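What follows is chain A paired twice: with chain B in the first complex and chain C in the second.
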Partner chain A sequence: MYRSFERYQPGQSPLHRADPRVKVVVTFALIGGIALTPTHAWPAYPALWTLVAGLAALARFSAWRMARLGAVALPFMLAALPLLITVPGPAWTLGGGIAISQAGLARFVAILLKSWLSVQVALLLTMTTSFADLVWALGSLRVPGTLVALIAFMVRYSTTLGEEAERLLRARAARSAHAEGRPAGGTLFWRARVAGGMVGNLFLRSYERSERVYAAMLARGYAGEMRRLTPPPLSWRAALAGAVPLLWLGIVELAAMLWWQ
Partner chain B sequence: MCPAMIEIEGLSFSYPDGQRALSDISLRVEAGERVALVGPNGAGKSTLLLHLNGILRAADGAIRVAGVALTDRTLGQIRAMVGLVFQNPDDQLFSPRVFEDVAFGPLHMGLPEDEVRARVERALTAVGMSTYADRMSYHLSLGEKKRIALATVLSMNPRVLALDEPSSGLDPRARRSLIRLLQGLDGQTLLIASHDMRLVRELCPRMVILDGGAIVADGPTETLIEDSALLEQHGLERG
Partner chain C sequence: MFLKPILAMHIPDGFLSAPVAIVGWLVTAVLVGLALREVRDRLGDRQIPLMGVLAAFVFAAQMINFPVAGGTSGHLIGGTLVAVLLGPWAAVLVMTTVVAVQALLFQDGGLLALGFNVFNMGILAVFVGYAVYVWARRALGAQPQAMLIAAALGAWVSVELAAMATALELAISGTSPLDVALPAMAGIHALIGIGEALITVGALAFVRQTRPDLLGAPSAGVARQSALIAAGLVIALAIAFASPLADSDPDGLERVAEDKAFIDKAEDPVYEVLPDYTVPGIDDEALTTIIAGVIGVLIVAGIGFAVPRLVRLNAPEKVRQQQ
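Right after this comes the complex of A and B.
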């Protein structure tokens, strides 16, 4: 059975039960705040991490587990590696004529920490909020309807497409036999052609499905505009709950900009 | 004479690639009638259903639903009267949550929100899925998806239900429960395109055989289904 990329882990924790709109706003604010943290404000990073760990505890996830999951950002750090040698200023000289810039190293480490923290924040959102709730929250927050519909269709049909791909792969595997005494499979070119054919096949199926889905929408009165029910008003309690992490973020960022730089 | 629920006159349709799908179809279905459209693959059954609420538009011929002629101006009105259930529920259930899918039709008809919520509840209760409103449709079994797909059009209170292969892919138990569900619908005119002759026999007193895009027989199901030569000639089995 194909597993969708949805990371939601059902639960009853306070973070699971929090209003999805508040969770989306707080997540974007936290990621924005983390990105704006001044590079050299080193005490800010552990302070931000306590916030992430606190939210993880509210969701009943261990901080260690979130820290490990956050490491998914590390391979992307390769893109920031050139900073080590390209930022001007005082540098440590290594053998072979390579000099590591001190300012470059500071920026590299800051980007590393920021990415690691941001990924954890995003994961906390997706692990405690179902995909349907996320889409609903985006729509309720007045994100343009077409964009929300695109996200909704993409996630909704990724499972269906994944299952189709799995069936194709299984059908190929079932016929990938080889006669006794003869090598299995063909040349690399032949294999590439088979794989290319499968990708083309999946594209055509998706294209045809999109036409059928559109017909199903038309049949139920769709005329170019996605309509939705008015969301219920946000309760004071939900808004206050969202204000707590934002207040913590504000204090950390203020301290970072005034004293820790 | 009071107008029939569905009147089709001289309908002909070719796909853009030139393939002829329907030739001079004329059909009259009275209000409350239950009619089966049967025929081999490619006979034009699904194409005909897609014409009933204007998804496909033929160059020749006319369609009237409850006396309203299908034109650009009446398209919205006709779509509210004809509930079309597609063969593959994955095409019909495109929203993240069951509730949103069932609410899609009433919302796009411009109904007030209280009425939309009430209709969703009624439709889900009618298909025995009232506890599924918050579920995600792609996590459901095929039988459950088919029921929800039916609810997505029942919530529009259509006067005609047009179902494309409602029992395909269902196991015997899910199929039986679907037949019971359809038997329990009252008042609606039913048009069912199907290969499942047992379902046709149980649900539809009238049967129309399509082959090669044309109507080749139209009569009481019990009579036509006994004509083995006719069924065999058009790729059908008694079932």
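Right after this comes the complex of A and C.
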């Protein structure tokens, strides 16, 4: 069975019920604020983490679970690893002629912390907001309607086409017998060519499905515009609730830039 | 089951500095805005379900992998394939949707980094891949496999260039030194690009066999347009690559003015958008020069797009007045 990839965890916590528009704006603001933190402002990182952990608690997720999930982007740290030896300045010498630059290490650790915190913030949005709410929030935040419609279509059909792809993969696996000690399959080029053919096949099925979808939409009165309910006005309470994490972020960033550097 | 290959191309948050990420959002917003207008002008309302379902197709097609060696597997990124099938403007929207959903729903790439992630995989890869495809197809002429060879070239170049752009963005952010990141990214993606080229060719060969009606020849107007945009993007990248290496000698007139001591007499303009080609509020000189360069290129490109467009908009009115 094909699994849905959606990370949404249904729930009734205050964070689940918060206005999705406010959640989207606060998420972007927090990630932007985290990016602005100066490298050497070390007290800022635990302070920002308390904010993440507080929001997680509000969503009834354990901080430990968020901390673990936040590590998904860490393999990318490979890209920042050379900083340890290339940044000029005072360095600690290790055995074998390797010197770890102090400034490089500081920058490397700061990048990892920022990445880890940002991923947790993004996850909090995804885990507490259903996809329909997220699309609705993007639309009311003036993301162009065409893009919002495409995003909605993509998510709606990624499960369907994902299952289609699984069927193709299963069919290939069923015809790929191999026995111990005997060479099986063709060359790398041949294998790639087969995968390409399957992608082409999947394209045709998707194309034909889109024609059926369009016909069905026409049948229901589609005239080039997606119809949506008018969004309810943003309540003062929802906006104020969003201001609290932003205020905390502002205080942390101010302190980081003025005193903690 | 779903072991995600470490796609070195989806930059997570934290790895781009805030100013670099904002430049990425600006550039991407302008180009995606243009794509939205182009698609609305050229194509009908039936394109929306088509593009939406094809965005899901790219997502599902990335599941179809093939074993390479040592437990790694190759799979599709998709920019060039979609550009050949739908044309570059629609492909920009499809790939933008794919990258945005990957970031929003699966944390595959950051939200602040989304600007440059869309730019690398959805704009640069699409236009460069398509421009190379069109050029190679024309250069090969009557060669029976011209279309497939051209698509392979386009796919490989698009992956390679997107990887190099990623390395550049990381380097400008101070995350990864350029002399390490560039060869590493370019090297790995030279191989990944071969996988991309093979799958793209396999898919197009299959479509040509079964539904040749879906594969038209690229129209001259779109081909020229995308060649121009691809060239513009590549030049902008080249400028960004070169600028920190450029020496700090003042340019000719300024040098003379300093020597002859009349530089004090020079008056500042009444207002400056980018004083001394630097962005106010950012200390790192190389960084600000690059950002200023990118903004400058964008403004020039924007004017370059706006002027012909305005002329075209006005043209029918003039005709009417003459009648």
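Note that the second predicted complex is superposed on the first by the 217 of 261 C-alpha atoms of A that agree within 3 Å, B and C clash if a C-alpha of one lies under 4 Å from a C-alpha of the other, contacts with A are read in each partner's own complex, and residues count from 1 in each chain.
In the analysis below, a contact is a pair of C-beta atoms (placed from the backbone, for glycine too) under 8 Å apart; a residue touches a chain by one contact, two chains touch by 3 or more.
Source: prediction; values computed, not measured.
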Checklist entry - Who does A:Gln9 touch here: chain B (first), chain C (second), both, or neither? => result neither
Checklist entry - Which holds for A:Arg220: it touches chain B only (first), chain C only (second), both, or neither? => result first
Next on the checklist: Looking at A:Leu112 after the superposition, I want to know if it touches chain B, chain C, both of them or none. Which is it: first, second, both, neither?
Outcome noted: second
Checklist entry - Does chain B (first) or chain C (second) touch A:Arg209, or do both, or does neither? => result both
Item to check | Per-residue touch tally on chain A - higher for chain B or for chain C | outcome: C
Next on the checklist: Going by the contact rule set out at the top, does A:Gln102 touch chain B (first), chain C (second), both, or neither?
Outcome noted: neither
Checklist entry - With the two structures laid over each other on chain A, which partner does A:Val155 touch: chain B (first), chain C (second), both, or neither? => result both
Item to check | Contacts of A:Phe131 with chain B and chain C, given as first, second, both or neither | outcome: both
Checklist entry - With the two structures laid over each other on chain A, which partner does A:Arg228 touch: chain B (first), chain C (second), both, or neither? => result first
Next on the checklist: On the A-aligned overlay, A:Ala165 touches which partner chain: chain B = first, chain C = second, or both, or neither?
Outcome noted: second
Checklist entry - What residues on chain A does chain C touch that chain B touches too? => result 131, 152-153, 155-157, 160, 209, 213, 217, 222-223
Checklist entry - What residues on chain C touch chain A, complex-wise? => result 1-2, 6, 8, 11-18, 21, 32-33, 36, 39-40, 44-46, 48-57, 59-61, 63-69, 74-76, 81, 85, 93-94, 96-98, 100-101, 103-107, 110-112, 170, 174-177, 180-181, 195, 198-207, 210-211, 214
Next on the checklist: Quick check on the complex: what are the chain A residues that touch chain C?
Outcome noted: 3, 5-7, 27-28, 31-32, 34-36, 72-73, 75-76, 78-80, 82-83, 86, 107, 111-119, 122-123, 126, 131, 134, 144, 146-147, 149-158, 160-162, 164-166, 168-169, 188-189, 191-204, 206-207, 209-211, 213-214, 217, 222-224
Checklist entry - Which residues of chain A touch chain B in the complex? => result 4, 130-132, 135-136, 152-153, 155-157, 159-160, 209, 212-213, 215-223, 227-230
Next on the checklist: List the residues on chain B that touch chain A in their complex, please.
Outcome noted: 50, 53, 55, 76, 79-80, 82-84, 86, 88, 90-92, 94-97, 100, 103-105, 107-109, 113, 116-117, 134, 136-138, 152-153, 156
